[in-house]
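Here it is, the structure, as structure tokens.
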């Protein structure tokens, strides 16, 4: 059994990843990470309605999607930038529209019912202002019939702040239970 | 007086841009466009809390922000991809965090009170499921004390569909009034 | 064919009812009204989990629900009080939990697929701050498999203000088209 | 120092009140309760724009508001009925519009900066579908410059269910810390 953490952080060891580690520490199986910041992912060119379909793109996206589809459980972890997921994460997810039309991938069938968790972390009244981001993941998971298990909204500003938040760390640890 | 339309579409002449054109047709002044898909904009590396601050990035972002700050009125126009703004738009906005720390730009002062409009357009129950995206822009505009005038949620699926929607075109035309 | 307007206004001829009248003017059939303020509707006593079920209540609720179930199309019209529907409307809807357990009513089957519209009207940045209320109706309609057609958010403060808003009146008139 | 719990439950000892008790158990001061279901509170008649203002109403509202204004800390606790606060709670809050115009009460000044907490509890995907209700309280608290400290969304269906949820009880206990 494999848990895959897909991290949208632009920084190593940021608060979001710390929370994801706490959550993953309780997972009974292998834990893998994708750090999107280390990957080459191009913006989507929307060719859904072109007769020839999408033009293949020479970057890391296809391989990352394949890893995602192979995992048993997904944990999306993104810092909140401007009240949304990071551009790394958004760019990654936008390209799902292309992956869905790749017959070899069988994207829709394989992602269906996939147990999925969400951790977001930010600073500015995040428990309220992070809500639209939670709703977007919810709509996305619902559209793909993924199994949205739980989400956690972390509050932290400066790098390392979350380490001084024992209650939040404890709650993150319960996320996958 | 200048209206700047910042388009997050990945396609030329998509429904979102058609709606933006309708809105702009009533603007009494010069109308300019930024098509983000034609620009080179790197993802942010969050160095807000590094002592040395952000490392300068050699791409188009700074110039686009300067254009934005010079405009009298802003219209953000983005298709709805996965219930959010496009990756083009998100990547552009994420980098505002860097621009805000560029003393020469004077970002915060110049964007303050800027009259700003929003057009989003999508297909899947968009009048409900586009709501989180509207809230994200609202939070962003509020954080920067921009003057969020009005938004319009367009509904269209295939390229050109919006041309068969006279009510929507008429409403878009009223946006800037 | 009958359109039933269920009004949660506490005032005669308020802005919300004016908008509802505009919308109804285009309806090709009989138009009926329920003014909840004129009715006696008790708060719910939640006895869903009592063995004996709900205790019958001697007020107007059952009759109003019967009218609602008989109508072909529903238009819920409520002023926005404190960012939500009026207490009249909320008290009416809360009691649906009781009506759903009344076997003679056959509530669930009869409300299923009912075409339903929503008009809300308020003053304080209503196009943003009225959004949670729209989402609540959406969740309610979805729970009951009602057919949520469209909503309209009106902006008006003082009684009669909406009469000076030709664009809004025109849009309300298009609601049922 | 006094914590006042304002409960919108229609049932004694429901899950919402259990969570509120857990939260209150950590309060260092006197704990008082208002059970709205035991009170007589009339629906509002909106006379904000009448020259003579609001007609006084002979019910319990004024006294309850006075208790609310005297408390040092507020905890609003409501079950989620139809994705919103209960009709008891909504009816109580609607009448604040009247209380605000009662010069003797000095409502606005006395409620300003009041530390306020929120507990909601429901069953149907409540962590997502309870979100609009949280936003409504947030808008209300913001409008009145109240100090919205924290909220807790409980998940429970049948009476007593929450007693089998040690994690939730533990989290509720941390609410006021």
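Order as written gives the chain letters A, B, C and D; numbering starts at 1 within each chain.
As a working rule, a residue touches a chain if its C-beta (ideal position, glycine included) is under 8 Å from a C-beta of that chain, and two chains touch if they have at least 3 such contacts.
Predicted, not measured: the structure shown is a model, and the values here were computed from it.
Put simply, chain A has to spin 180° for its C-alpha atoms to lie on chain D, with the angle rounded to a multiple of 5.
Annotation: the chain B:chain C pair of sequence copies touches via predominantly the same residues, more than half of the used numbers being shared.
We define each chain's centre as the mean of its Cα atoms; on that basis chain B and chain C are separated by 35 Å. Taking each chain's centre as the mean of its C-alpha atoms, chain A lies 24 Å from chain B.
The distance from the centre of chain A to the centre of chain C, with each centre set as the mean of the Cα atoms, comes to 38 Å.
Counting only residues that touch two or more partner chains, chain D has 131, 135. The touch graph of the protein chains shown is a ring with every node of degree two. Across the complex, chain C meets chain D through its residues 9-11, 14, 37, 43-46, 49, 79, 81-88, 90-91, 93-94, 96-97, 124, 129, 131-133, 135-136, 139-140, 143, 158-159.
Listed in rising order, the residues of chain D touching chain A in the complex are 127-128, 131, 134-135, 138, 148, 150-151, 167, 171, 174, 177.
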